[in-house]
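Sharing a structure, written as structure tokens. Questions coming.
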Amino acid sequence: MDPQALLTCLSTASCVITQTTGGLISGMLLFLVAAGLSLIFGTLKVVNFMHGSLYMLGAYFAYTLYTATGSFTIAVVGSAIGVGLFGLVFERLFMSRVYNTDVLMQLLVCYGFILILDDAVKIIWGAEFLSMGMPAAFQRPPIMIAGGILPVYYLFLIGVTLGVALLLGLLLTRTRVGKIVRAAAVNPTMTAALGINTALVFGGVFALGGLLAGLSGALAAPVRSMVAGMGFSILIESFIVTVIGGMGSIGGALVGALLIGLVRSFGTIGFPLFTEGVMFLFMTLVLITKPSGLFGKEQ
Amino acid sequence: MLTVENLHKSFGGVNAINGIDLEFGEGTLTAVIGPNGAGKTSFFNLITGAFAPDRGRILLGTDDIAGLSSPDIVKRGIGRAFQIASIFPSLTVRETILGAVNTHRGWHTKLRRRFPLGEANAQADEVLELVGLTAKAEKLSGNLSHGDQKLLDIALALALEPRVLLLDEPTAGMGPEERWQMIDTVHKLWQRKRMTLIFIEHDMDIVFKYAQTIRVLSYGTVLAEGTSEEIRNHPKVIEAYLGTAYEKGRG
Amino acid sequence: MGDGNHIEEETMTDTQRPRRTRRGFIKAAGALTASGLAFPYVSRAQDKPIRVGVPTILSGRVAQLGISSRNALQIDVDKFNAAGGLGGRKLELITRDSKGKPDEAANNTRQLINGDGCEIIISAESSAGAFAVQEVIRELKVLCIHTNSETSSLSADPKIRVPTAFRTARQGIHDAIVSAAYAGSVAKAKGLKTWMSCSPDYAYGRDNTSLFLEYMKRFHPEIELVGEAWPKLFQADYTENITKILQAKPQALYSCLWAGDLVSFLDQSGIYNLFAQTTLFAINMADYTTLTAVKNLPAGIHSSSRYLKTFPAVPENAAWGDAYKAKFGDFPTNWSWENSLAMTFLTTALKKTNSTDGAKLADAMRGMKVKSPFGADGTVTMRAEDQTTIGYAIGWGTTIPKEPYVPTVTPGDWKSILEHEAEWKKKMGFA
Amino acid sequence: MRSTVWLDIVIAVAAMAVLLLLPLVFPGKAFSDFMIRLSAFAIFATSLNLLVGYTGLVSFGHGLFYGLGAYSFALMMQKLGTSIPVAFVATVGVSAVVATVVGAICIRLKEIYFSFLTLAFQMLLHSIIIAWTPLTGGDQGLTGGVPRPPFLGIRLDDPQHLYIFCCAVLVVSLFIMWHLVRSPFGYTMRMIRDNPRRAEFLGVHVWRVRLLAFVVAGVFGSVGGLLMSLFVSSAYPDFAYWTVSGEAVFMILMGGISVFFGPLVGAVMLLLLNDVVTRVTEHYSLMLGIIILCFALGLRKGLLGFVLWAWARRRATAN
């Protein structure tokens, strides 16, 4: 513990700026994964524990596409769509069979897939870690803002994430599709009775969640080394984020992700050895005081 | 036996129960009626401690039970069965009743001996016989027919030897013939056990035939009370019921 | 009795001895039922190959640790067997995946010995696993060589030491002394006064870094430590650590991040232009898998030699590296040479004793000096007092973005290493 | 009534006798090693099933007690040098206190939120173990071994003694838990699993029963961890990681959630599977993943649950 260092940091502008932007950046990728997790839970009432594996797939797809085509755009779009399709197939073939069973069965199906995908990745791409490298367009010196440093790629990342958050929000609140999804979330049998194909809705939501995870994996690929099992830590963190923000709330996921980003960013200065503990402590306190999360609807 | 004074309860600004004063004499058979949303089930929930009232007293004998927890209220002698049968699907019928008997006798947290404790068996048999489920005792509760599940729900309450028994629409979801059988069974129970029985019912034929007295609720207040004859001709009741019927017809 | 029974004899404690007749019965019953009831653990008969059990990590994020270890072992086993084995008995490797969990490592080691009849253990585990294996060896007393754990206390602390357990891995304290000597001289030459560290927050990371900083301060008291960053092991996102370093603006940064974590850290630091202002000393950089994985490898990173086929610059080393690559398609790793060294010691000891008995092999190994392409002077010695290797090649250099990646390596001075190590041991109460 | 309790005791004694004779059939230390691990996991998984299968409390964080049991026992033996029985009893006591506090907080939450909170508490313990390096050795685990001084003529550093000791703890633990689920309290647990609201209107203080079940499960969970720390002569942070809870859940589902001995059967299956599959292929996760899917999609009753169900059906059709 080093509260002195934390105080020192909080009293200098450049430190606050750099650590805050750092926290926001960590939070952004986390948000994309957590948003999918939260969306799926909100609609399907399923905790998709293999969401981290979808993120991993996104990163590997992007690696392969980028190596093959040399275009970062193709890599990002292609892998997001690819993982979205994978999510759809997974939901239709496996997950849809366990909706009406114990939560444990859902957990088990996800756990089975975590194991299978980790090994599959090892078989296809090898056990060695891979790195995709920064696309040439982003290989330029970082921007300085009031003594704080902001890399160009992260600026791009923040833009994309905020754009996705906005689109997602509009989709859910302003469109017919969003209304159907929200209706299906509240009362699936009623929605089905109104002639809406809930199977399609559920599959679509899973595909969208997968798309978001794939997108974040692809966006992370230039800055994170890839290895089988890489989805695990992001799963734990995005799980914390969704629980804190409120399972099912996209806005909650955004706030939760930024919060965790900031806890980590300032925690690494104030209590470097216990940042993870603080995250779980935070999660515990939120669950005790408001189980449905900061922005979740009371059940 | 059971007296309710100035009972109030609101949910999120809506006054579900808005000042109810009622008295139920010992050993009486009372029907509670009223249009949908009149607050009948909320009234039961308040009496059995599912919610605490905002204001008012609920006297069982001379004790105020308002604000006590459900288990504590149940232990003082108020039993309850539900509109949608509330049972334990993976237990057999006998196990279900034995569980209730054990609970009633305060043995349900006993660790030392095996379930069921011997003395409970006789009482369980008696309860099963009372509701006519003896032949189905070894069946899984979850596999029973709808009517039998409702009977089992009532039997659960009976196993507690309640002084006051609240039945929320005992005939809900049944065919015409089944309804009369069910209400007949309930009536016989009341005659044999002589407890204070209060039931919510929609079927007016049943209500008028069996209830000693009738209490009509509307918008969380008591609209009228009296015998079948009095209620049948009560202008406010007619208005309330016909009014809803008119609105429905128009809508 | 053949050699196969030695372990059973060896591990029989005093309480078991009076029950010899019962054991006879047990054996008979076992033989009768073995085929029918075949519990998956059926001991093999004698005069079969000498089984060498290798608890290691083959899955998860560190799978590379086990795979590159196993590859190296296999090369040497094949060579030994092709040369006739030990009087006709061949060596057989049995690897078992502990998935990186210490309790699995302990359990696998027990199974390898008790179930598969392994007479020798090569523990290609990470540190946590190695300590768990050590406790099993304490009880079962077969010969064990730790090949990947660099944590000094494994061999230095007499409370943890076990008579039949050895280590052929580099050792933390050696690394720290060499690193500090090298980094100190660079610091002096270039005037790098303010330092910071960024190492993974787990036992190895903490030990390695605190030792390095301790010797840094001892050798160069004028150096100032301006901060420490402790990312988690296998952390995906290093942003908050990088920004912390940017804040502190150190002239030099020491890191013992390794493999994928180091690559991520470099990639992410790159976009912050961190190394424009700070010189990086990354002890685990110069390993081929890491060097080749980083796209746009920055020039001028200082690193210790993990494994380089150009250091030591002897033909045997280059040939070994090439042979490995020819067979497995990749260059060997730091773990590969450590395992190969273990095989050199093992096969030499086997030939010398003509036995697989743990105590006998251990006697032969203590103080043994072998010729090795990985030796600083062409030889490596298994020091008798703490059963760990000394005299292996160790040095530092700076990177260039293409082969040979680290063109010149400044070797460490073993005389100085040993002096400082002796002093450290005294201070720690180990000697 | 009394006679059935005696019958249980006779069965338990017979089971113990069988366990003592088994090494004659399966000689070699590999078998006793297996059984020692099995005893730890079987007690742990069965205790979790008291919550998941019998009370309807789906805990994701039962590993909290596994880790707690292992660490508190190992630390007491290492740092305080107490005798094994004292450390055993003290570990049980510590777990009971922790379970009471954690349980009182967790059981207020419903369904999935209960699961989340238990998981959070477990990971909190894990973080503490990792961070409190001077006491726990951090990620390295406790080094230097757990001393096993003799008591009452029992020497647990002797593999045979350890085998007998673990088997005895297994039989006694399962006996107590079996007795518990057959008691009126056990039925109250099942009523709460099926329909907590109804149980409340029968006069059951649901939270008290849940809390008691949580404490009992926690205590036995810690006994599982304790046995494991005796076996590996150490304690590792992995013992408190969420994968430990996951493994126990998997054991329960493999054997059968609806049957008392399901978790025991599941523990045998998973341990055998682990040992066999890791020796034949390095694609252990792939195999295990496929097997998990088979259970989740095909064999939901679990193996023992399925066998009993099929047997009951055959009997029913035969009649």
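Order of writing sets the chain letters: A, B, C and D. Residues in each chain are counted from 1.
Assume a contact is a pair of C-beta atoms (placed from the backbone, for glycine too) under 8 Å apart; a residue touches a chain by one contact, two chains touch by 3 or more.
No experiment lies behind these values; they were computed from the predicted model shown.
With centres defined by CA atoms alone, the chain at the far end from chain A is B. Geometrically, the chain at the heart of the complex, using CA-atom means, is D.
Work out the mean CA point of chain A and of chain D, and you get 33 Å between them.
Centroid to centroid, with C-alpha atoms defining each point, chain B and chain C lie 74 Å apart.
Distance between chain B and chain D, defined via averaged C-alpha coordinates, is recorded as 42 Å.
If you average the CA atoms of chain C and of chain D, the two centres end up 35 Å from each other.
With touch defined as above, residues shared between interfaces to two or more other chains in chain C number as follows: 59.
In chain B, no residue reaches two or more other chains under the touch definition. Of all residues in chain D, those touching 2 or more other chains are 130, 284-285, listed in ascending order. Taken together, the touching pairs give a contact graph of some other shape, not a line, ring, star or complete one.
The full set of touching chain pairs reads A-C, A-D, B-D, C-D. Against chain D, in their complex, chain C makes its touches with residues 11, 13, 15-16, 25-27, 29-30, 33, 37, 39-41, 43, 58-59, 94-97, 99, 101-103, 106-108, 110-111, 114-116, 127-128, 131-132, 135, 138-139, 151, 153, 159-160, 202-203, 206, 233. Across the complex, chain A is touched by residues 59-61, 63-64, 67, 201, 227-232, 234-237, 239-244, 246-247, 259-261, 263-264, 267-268, 270-273, 289, 293-296, 330 of chain C. By the touch rule above, chain B contacts chain D in their complex via residues 48, 69-72, 74-75, 79-80, 82, 86-91, 95-96, 98-100, 102-104, 107-118, 156-157, 160.
Those residues of chain A that touch chain C in the complex are listed here as 5, 9, 14-15, 18-19, 21-23, 25-26, 29, 118-119, 122, 127-134, 138-139, 141-142, 149, 151-154, 220, 222-230, 233-234, 261, 264-265, 267-269, 272-273, 275-276. The touching residues of chain D, counted against chain B in their complex, run 1, 4-5, 179-180, 182-188, 190-191, 193-195, 197-206, 208-209, 212, 258.
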